[in-house]
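In the two assemblies presented below, subunit A is common to both, partnered first by subunit B and then by subunit C.
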Partner chain A sequence: MSPVENAAYTALWWAKVQSAGPLQVSPDTPPVAGLARAAEPDGASLWIVPTLPDGAGHAVLEELGAPPVAVEQPNETARVLAICVTCCWIERDGPAWPGVTGTLAQVKAVYAGMRGRPEQSSDLTLIIGSLRRLHATQWLLWDEKAGEVRLGPRVITWGPTQLAGLREICRILPDPPTAVLTPRSPETPADPLPADVSAAGGDDG
Partner chain B sequence: MDATLLDAEAEAAVLRVYRQIFAVLAREAGAMIVDPELLDVDQAILDAFAEAGSEGLTVEQATLACRAFPHDVIVRRFEVLRQYGAITKLVDRPNELRHRAAFAPYVMLMFLRRMSVQGGQAELHQLLTLEAHSVSDSRATEAEGQASIQRLTKVFRLLGNELAILVSTSTSAQLRENAQLAWGNERLIEQAEKVHRIVLERWPSLHQVCTQLRMALAAYADAVQLAAGRLVERAGTTRALGLLPIESWLTFTRGSDVEALASVLDGLLFDAAAPDFSPETMLEAVETGRRTGTARMAPPRPSGEASVPESAAATDREDLRAEAERVLAGRESVSIVEVVDDAGDWITARRILAELTAAHLHDELDYELVWSDGMRIDSSSGTPWATEGTFRRVSR
Partner chain C sequence: MAEQHALFDPLLQDLSDRSRDEVLAAFSAVQYSAHPVAEVQLPGLRDVTLRRHVQKMLKLIGRTLVHVDGTHWTSGYADDIAETLTAQGWQPLSVVDRAVLVLVLVHSVAIPRSEGILTGDSWKSARPTTVDELRTTRISAEERRLALQRLRAAGLIQLSGDHSGGPSYIPGPQLQRLTPAARRRLQDQLILAAAPSSPIAEAIRARAGLAPGSAGGRRSTSTDGTEEGAV
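The block that comes next holds the complex of A and B.
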């Protein structure tokens, strides 16, 4: 590819990512500068996520006093994301992506445990709403029909500092019960094989 | 008589130069605030005079040379400059049309422009070098040394005051814009200390004014420290002191065309607008979530407080009931004399009678103690004298 074509190719992908956020593409897509790649556990597709330089994230907005992107019920949503991290990030000494599949039952149980009271029917409304919001912004991959959730492609950019903070959250939150996955998708690896993990790591960058 | 006239003339000359200089100073001060264009007009007029050579210029020639500016503005400025003596008639006679410009205003203009750009630090360095030079001159007198030190004291006091006022009153954006001009020169202080050292060694009697200078220097250093502290505190984690204030960015984004905006963003990759969840915010949300969770649970403390006195009273009541039942032993009523005789001695009987009385008075227990008129006297029993009466159940 000539430099001009290359620049146009990069610009196209950048434009896509800047408007839509992380993108799911086929694994034979050539790499694009500035975009991190992370494979799905089954290797059938991969995500491309914009990588920002250190210190160029949302913290800069805060420093400049500019308002961040608003989200409905920010605290409730952040709590549900934290709970999903507890449920889906099993190997806490490694990266958060791709994680394992968690279930709605797990999320509900941890939510009730966090609140320190039995599960209530009103929890479900809050949890589902938060899961949908997080799915829309690609923090989570939420399969509403199956009631299953995975960490979204945005977690690819979590560095060691962030992971340390997340470990603290997992320590505070109660441990989730064992996931009972629907038998409809037995191929979904609840515990990804080592080969998958290394493949995901190899495709990074 | 001659001497006084000469003095007067010398004074008049000094006064003239001062007026020329301060004409520009006054203009400059006005121009910088209201209308920087006026300063350009002054410069253009003085430039025109420089081009004109020794012939000088008439007002009309000057306005022609400064065609770039409106005619009436030039004429007005010309008048002002003439009034202040920056422009004078070529020959001082009533109908002289040609004028000449003095060089001092122009020098001052250049000087002031430089000062306004660089904050006058270079000039201050030069001044300090000159002062050091003059006080180390072998012909310098003690009075000159004192004057020199006093000048420096004033300079540093003004500098320190300006900075301190900026620190205490202005916004950090203003501070950032102005402070860089006024602060941060270790070398300034070093140079001033050098002058101070020379003076103090040559004329130890000047130690008092030298102390004043030292205090001014220390105050300046403190002000620099304060300003630096405030800026660093405001700069955030990036420590980018040169970061433009947010107003500048807003003005730029509003005032730029599409091309300029696009060129700025060229080569920069952004994420799509999405809410951010940093681990810190998640942790905070979880913590607050747990707090509201525990707050909603039944508060254990009030329930404990309520049950403790309840149980004490209940224990008391049950004790009395057990005693009463033991005395009654299944019967509906029992004679007191019998109870007293069963107890054996008076000490025990007294305790039992007290408990039966308590059971009688207790509003939750259905027993009563009724005394009658008779009395039993039996010297052989443990309690010889016993008033007759009955202890019995009542039904409510």
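The block that comes next holds the complex of A and C.
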């Protein structure tokens, strides 16, 4: 690519991730300057996520008194994100991405523990609303049908300082119970397998 | 992340630490603040040389500075980038979201403008669109509720302060990110959709070199008038 073509290529990808959020693309997509790449654990795709130089970003807005577009129920949403970090980031010496799959049951249990009381049915509305908001902005990947959650590709932008803060939050929050994951459907195996896999799919949690 | 930034560092490396901080603060403010920011508030916008650096940073990522009311700045998609993405069929908003957004724009801006209540070409308006005005048989109540939630989260609409007749909506702050050319395209698309046989629609088609009866060139549906909505 000529420098001009390269600049246009970069600008178009940046415009796409700004208008739609981090994008899941094929691994053979050429790199784009300034867009970090987060590979899916199965290697079949990767996410491209915008990064900014030190000194740029939302932190500046607070100093200026110029708020970003408001998040609805910001406190509940932040709490649920912290809980999902606790459930999904278990190797806390390493990066947060890709982490492991957590479950709604875990999130509910930690939420109630954080509140210091038994689980309540009203918790679910707040939790699901927050999970949806965080999924829409790709901080989380929330599978509502399976009731399972993973950290979203945006977490790859967390640097050492942010991870240190999150480690401390995880230490304070109650430990989640063991995840019991929904058995994967054998309908679409990633690799061709013998036909007699229908009996598989037991307890993999 | 890494201290070096592959895209922006070549632009920033020749600046003094202070200028770099001012350029990055202005860049962040126009990119991430919900509302346009006052020029007087930021040296990176006030100083023409520094502002040129902000503009160069934005250009690298397909954006441009947008001047609002002569005293404020924000950023929006550069016209050439928006045109290329539109030609490629890029559309991050769903059809339902665009339809609901268009209804808010029609009731809050287009109708008051046609009545002479709103002047200028801004998409800012204090005229609320009520939930009743958003009712249509084509969109279920649940779909509408979810679309309103998504559009609010994106800053494309906002709740109006007038709650006398239940919740009502006005265009969100993101509409101020439209460039002058994008504002005109949006206006043209709404006219073509709302009054396709009017003389003014005819004039728009003539200007764009479109055949009579064509709703809007390569954009195939009326709701596509909001392609700049993803600002």
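Assume the second predicted complex is superposed on the first by the 184 of 205 C-alpha atoms of A that agree within 3 Å, B and C clash if a C-alpha of one lies under 4 Å from a C-alpha of the other, contacts with A are read in each partner's own complex, and residues count from 1 in each chain.
The rule is simple: a residue touches a chain if its C-beta (ideal position, glycine included) is under 8 Å from a C-beta of that chain, and two chains touch if they have at least 3 such contacts.
All of these numbers come straight from a predicted model, not from anything done at the bench.
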*subunit A as common anchor, with subunit B and subunit C clashing or fitting*: clash
*Could you tell me if A:P67 is touching subunit B, subunit C, both of them or neither one (first, second, both, neither)?*
second
_Taking the superposition on A as described, I'd like to know which of subunit B and subunit C A:P3 touches: first, second, both or neither._
neither
*Who does A:P118 touch here: subunit B (first), subunit C (second), both, or neither?*
neither
*asked:* A:L52 in the overlay: touching subunit B, subunit C, both, or neither? Say first, second, both or neither.
replied: both
*What is the contact status of A:Q138 with respect to subunit B (first) and subunit C (second): first, second, both, or neither?*
first
*Check the residue A:W14 against both partner chains and state whether it touches subunit B (first), subunit C (second), both, or neither.*
both
_Contacts of A:L81 with subunit B and subunit C, given as first, second, both or neither_ = first
_Contacts of A:G159 with subunit B and subunit C, given as first, second, both or neither_ = second
*Could you say whether A:P30 touches subunit B, subunit C, both of them, or neither, answering first, second, both or neither?*
neither
*Could you tell me which of 60-68, 132-140 or 150-158 in subunit C overlaps subunit B after superposing the two complexes on chain A?*
60-68
_I'd like to check the shared interface: which positions of subunit A are touched by both subunit B and subunit C across the two complexes?_
14, 18-21, 34, 50-52, 55, 57-58, 60, 63-64, 66, 68-71, 137
*Tell me, which parts of subunit A touch subunit C in their complex?*
7-8, 10-12, 14-16, 18-21, 33-34, 36, 50-58, 60-61, 63-64, 66-72, 133, 136-137, 157, 159
*Show which residues of subunit A lie in contact with subunit B when the two form their complex.*
14, 17-21, 34-35, 50-52, 55, 57-60, 63-66, 68-71, 74-79, 81-82, 85, 114-117, 137-139, 154, 162, 164-166, 168-169, 172-173
_Under the definition above, what is the set of subunit C residues touching subunit A in their complex?_
1-3, 5-9, 12, 20-21, 24-25, 27-29, 32-35, 37, 41-42, 59-63, 77-78, 81-82, 84-85, 90, 92, 149-150, 152-155, 172-174, 230-231
*Sites on subunit B touched by subunit A in the complex*: 236-238, 246, 249, 269-290, 292-294, 296-297
